[in-house]
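After this come two complexes, each holding chain A, first together with chain B and then together with chain C.
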Partner chain A sequence: MVKNKKTLIILTAVLALLPLITQTKAVLNAFILLLIFATLGEAWNLITGFAGQTSFGHAAFFGIGAYTSAVIFYRCGVTPWLGMILGGIIASVIAAVMSYPCFRLKGHYFAIATLAVAEIIKQVFVSWSYVEGATGISIPIIHRSSGFGRRLFYLQFSDKLPWVYICLALFTAVIFLSSYLENSKMGYYLKAIRESHEVAEAIGINPTNYKLYAMIISAFISALCGSIYAQYILYIDPFMMFSLDISMKIVLLTVLGGIGNIYGPIIGAAIFIPLSEFTRIKLGGSGTGIDLMIYGLLIVLITCFRPKGVIGIAEKAAEKFRGKKTGGGGSIEAAS
Partner chain B sequence: MKPLLEVKNITMKFGSLVANENVSFAIHDNEIVSLIGPNGAGKTTLFNCITGFYRPLGGRVAYRGRDITGMACYEICKLGITRTFQIVKTLNEMTVEENVMTGAFLHTRSRKEAAAITEEILDLTALVRKKDIPGANLTIADRKRVEIARALATKPRILMLDECMAGLNRTEIKDVMNLCLRLKEQGLSLLIVEHIMEAIMPISDNVVVLNAGKKITEGMPQDVVNNEEVIKAYLGDRYHAKSKKS
Partner chain C sequence: MVIGQIIANGILMGFIYALVAVGLTLTWGVMDIINFAHGEFLMIGMYTAFWMFTLFSVDPLAALPVCTAAVFVLGVLTYTGIIKRVLNAAGLTALLATFGLSMFLKNFAQYLWSPNYRYINNALVSGKTVRLGSVVIGMPQIAAAVGSIILTIVIMSFVDRTRTGKAIQATALNKNTALLMGINTNKMYAITFGLSGACVGAAGALMATFFPIYPASGALYSVIAFVIVALGGFGNIKGALFGGLIIGLTEALGGFFLGTQFKYAIVFLIYLVVIQVRPKGLFGW
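Let's turn to the complex of A and B:
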């Protein structure tokens, strides 16, 4: 566990120093999106990677977070910081209410249910006039000459660097939380539930409760990401925030990086987000979708050959390296 | 002496198939009770009824005088009754140590305490050397051992073993027998479902025999093996007659 902490601190430090290399807007933009999606991936990993309950509806929590902070800022002028917390709480409550009955379903059926729930929530937002329905909300811009304090309070910045550090702070908090959870009672229990429901029950675990805890935490984090994303792009509508596209992005980049591993989402995001951003920039309008084609190919290859994701490849390489060092002792041990 | 676990008139049916009919027996403190019977006698069903995996149609199960019939299995486990599975269910993507650790977290939140319990159990079940091997890579003997270790880590008063010796070789069976006796010494009670008579008879204090869902007899091992009903149940009428002649 100590070793884990060290790796995490190094990872965070490297990420924190990255923006110092280049200040190009496009690069920073990609970096911000990367961190937001890595955080979403961490959140999704808790419920799917650890607890084994596949959710295809995480865009719902992401969207609820975005809408809560945006609506109360738009309607009442309340700081998005408060909206963020409120959004987290609302998303958690909705997650709990929705998943409690859904947890009776197993495997694919649970996944389908989450997909349906997300779609229902999207439809609600499309036809809800208080939140401007399908038109979406343009978040009111504060005055150009506002000082940094006021900008921080209202979470609107004139350049991208503060966003990088806000997203990084959130990502760091979340990955430390994930690491802590993984090594705690809850982490062990969630993994036991993933591996076998019956064993979990036989050794005194109430699977529904633990899945619920994981879902609530996961929804809360996803909602925080949503709020930040909304403030960052300053415009939200239901088709964008609740889209299947976002749910799938979260799923796929975590699978690509390595599901059930706390480093999986950041690795997956580090491959996927720059790929999609830069193909979009380079190829312009004619090239939209190229990133998805490349990405699709990667996913197919990974799931076919290395189901544990990029992290699986890395682990295998490390094992080989270690095996060579000790004269293959490791593999004999494992075989016996 | 008041029994630790009392099973009274348990009846369980699947559709029209009667799996258990009016089965009653008791487990006392510090006692090894074995449950034997031919295939399909309803041993595993009875196991499931006691541990809360099934809710019996009739009868009751009492633990230390408290009615636990139909309670959720994780609650029954918290009270002190833990079972293993006949078809071993190793947590494949977790190492042996993690498998056991998961059980050890039952009565503690602290990782340190859980690790201490795990170490003790790994030592007791002779799994220390294998603690870093993933569940998926274990041999059947080791899987069965992990199954027992994981159950033991929950610190039960009654450990219920469902055919934990089937498929093991002689040495391995001997190991499990010794482990059972050691656990009894430590104050546990055991309920063992087993087919291997030479393993189960020497260690049992009481043997309950099931056939076609009914309890046909109960008693000390030597009495049970000479019981006519039992021989008939195992060998059938024809062979039974032969054994009588000789």
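Let's turn to the complex of A and C:
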């Protein structure tokens, strides 16, 4: 059951209309990245926001998705659409395999375990020659005179507009799924597990199973984002895809947007992605790192002076928008 | 014997890892904050040693107190300026503040000092080796390991023996009760953060003689230190020491038997294995 269908439809419609206002490349680029990271945030939110299991390793799933579609296109010329699905399945399998032993761990021990898994996968990709190791893969470009059908089939476009709608379609599907899950039995089970593992177990919920389901769905979505990202930027390497920075970026925008709330990731992404793109465009390129320096400083300032600001404002706005007070979502306490 | 050489290298590296991890475990155990800027503190320590050497030709070992003090101050400032404000915020906010700080410090160093690799070539201990049978050990590594052991013991006895150390322990156990007992928890937190910085400041000075110094030089050590701290059990100094040794040995032996490209993968793998037997770390409770 999707509870706030109307809000979601309006949100999607507004997002869909945004590209009509401006067609500037830089703006569309920021918008595409915003949608990709918002989707990643939704995925991360499932396991951390709802189920309360802090993951610092979502870059692993993101990277696996990117690599699967890129490798089978690069090596065998198979359409990235198939690679996307395959990447999702592989990421889900890895999530299931790693989760089983990791879910015994609590709080920070789990978080560090997910980080360790991502690092191991990175090291494997760095020294794996079939996937070009540390050199990375440049995705082969299809002929420039290809028609739209062929471009769609190989997921390479000459302008940015199709990307906006592909990313938006994925984001919409994922936010509807999140909303559905939040109000389903599983969503309530996950929240019960988040609030108290022991109590959830005592009332007959099997925490391991439900955390596993959440992790598998989350990994699948992250991998889809990875495939799209790889096709969009056309170059991937292990240091970029499996970096702790990607994992932390997901954590950052979801937590500051509103953790455990389905609108959190899009709000967070809407603040942080344009901010990072803007500082990068204005100040990057000199190679002095001043853009990231200022971005880092802004993160510190936002967390320091408005630790609950963005979340608080977002929730208040959402309440007003819906015209009633709802209890769902909310912020979670320290995940330990 | 090659294997003896490798074990010796692993143990020496392990002591350095331990010192970095001791600093991290302090803030983690006492304040329950994962300090993502820990590696950058280390990097600042290394740069302090480098500039002391280049500008004033002070040997890194002689500059050790300066590096320690500099990063101690940086730690205290980080606490009073940033951490204090986010200490009571929900969930992962404090962690994100340190993540932002790490990004800032790394790029600040790059802005000021360029991303080039820098080396300290002719320090007091440079180029000297000690021969023990067939095992040859570099003097810089020995100095670093000995320094790390001494500092770890100093920190351990400070936390265990002194009044301030006891107050820090009390604060770690229960902040509110400690407050009721008349402990200035705010001050304790500041000292803990300072101490944590002092550890990596010293580690930076010790490592500067045989590691390249560049803005991202601390990043790898902070991730390894996370694993060491979790391996030993959060907030446990003894755990960090043994965790450091285990990781140092694993890295050296794993690198030798399975190829150096896999040495870090094995380091992370050993954590996943140990944590299956001891879900709260070796010394956790």
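As a working rule, the second predicted complex is superposed on the first by the 285 of 336 C-alpha atoms of A that agree within 3 Å, B and C clash if a C-alpha of one lies under 4 Å from a C-alpha of the other, contacts with A are read in each partner's own complex, and residues count from 1 in each chain.
Note that contacts are C-beta pairs under 8 Å (C-beta built on N, C-alpha and C of every residue); 3 or more make two chains touch, one makes a residue touch a chain.
Quantities reported herein were computed from a predicted structural model and do not represent experimental measurements.
A.B. asks: Does the superposition put A:Tyr189 against chain B (first), chain C (second), both, or neither?
C.D. replies: Touch status of A:Tyr189: first partner only.
A.B. asks: Where does A:Ile205 make contact in the superposed view: on chain B (first), on chain C (second), on both, or on neither?
C.D. replies: The first partner, chain B, only.
A.B. asks: What is the contact status of A:Phe272 with respect to chain B (first) and chain C (second): first, second, both, or neither?
C.D. replies: It touches nothing on chain B or chain C.
A.B. asks: Taking the superposition on A as described, I'd like to know which of chain B and chain C A:Phe103 touches: first, second, both or neither.
C.D. replies: neither
A.B. asks: Looking at chain A, does chain C or chain B touch more of its residues?
C.D. replies: Comparing touch counts on chain A for chain B and chain C gives C.
A.B. asks: Touch check for A:Cys304: first (chain B), second (chain C), both, or neither?
C.D. replies: Only chain C is touched by A:Cys304; chain B is not.
A.B. asks: When the two structures are overlaid on chain A, which partner does A:Val126 contact: first (chain B), second (chain C), both, or neither?
C.D. replies: Touch status of A:Val126: second partner only.
A.B. asks: Shared contact residues on chain A for chain B and chain C?
C.D. replies: Touching chain B in the first complex and chain C in the second, residues 333-335 of chain A appear in both lists.
A.B. asks: Flag every residue of chain B that touches chain A in the complex, lowest number first.
C.D. replies: Touch list, chain B to chain A: 51, 53, 72-75, 77-78, 82-85, 89, 91-94, 98, 101-103, 105-106, 108-109, 111, 114, 133, 135, 137, 150-151, 153-154.
A.B. asks: In their complex, what parts of chain A are in touch with chain C?
C.D. replies: 54, 101-102, 104-106, 108-109, 111-113, 115-117, 119-120, 123-124, 126-127, 244, 248, 251-252, 255-256, 259, 287-293, 295-300, 302-305, 307-308, 311, 331-336
A.B. asks: If you look only at chain A, which of its residues touch chain B in the complex?
C.D. replies: The touching residues are 183-185, 188-189, 191-192, 194-196, 198-207, 260, 333-335.
A.B. asks: Given the complex with chain A, which residues does chain C contribute to the contact?
C.D. replies: Within the complex, chain C touches chain A at residues 28, 32, 34, 36, 81-82, 85-86, 89-97, 99-108, 110-111, 114-115, 215, 223, 226-227, 229-230, 234, 259, 261-262, 264-265, 268-269, 271-272, 275-276, 279-281.
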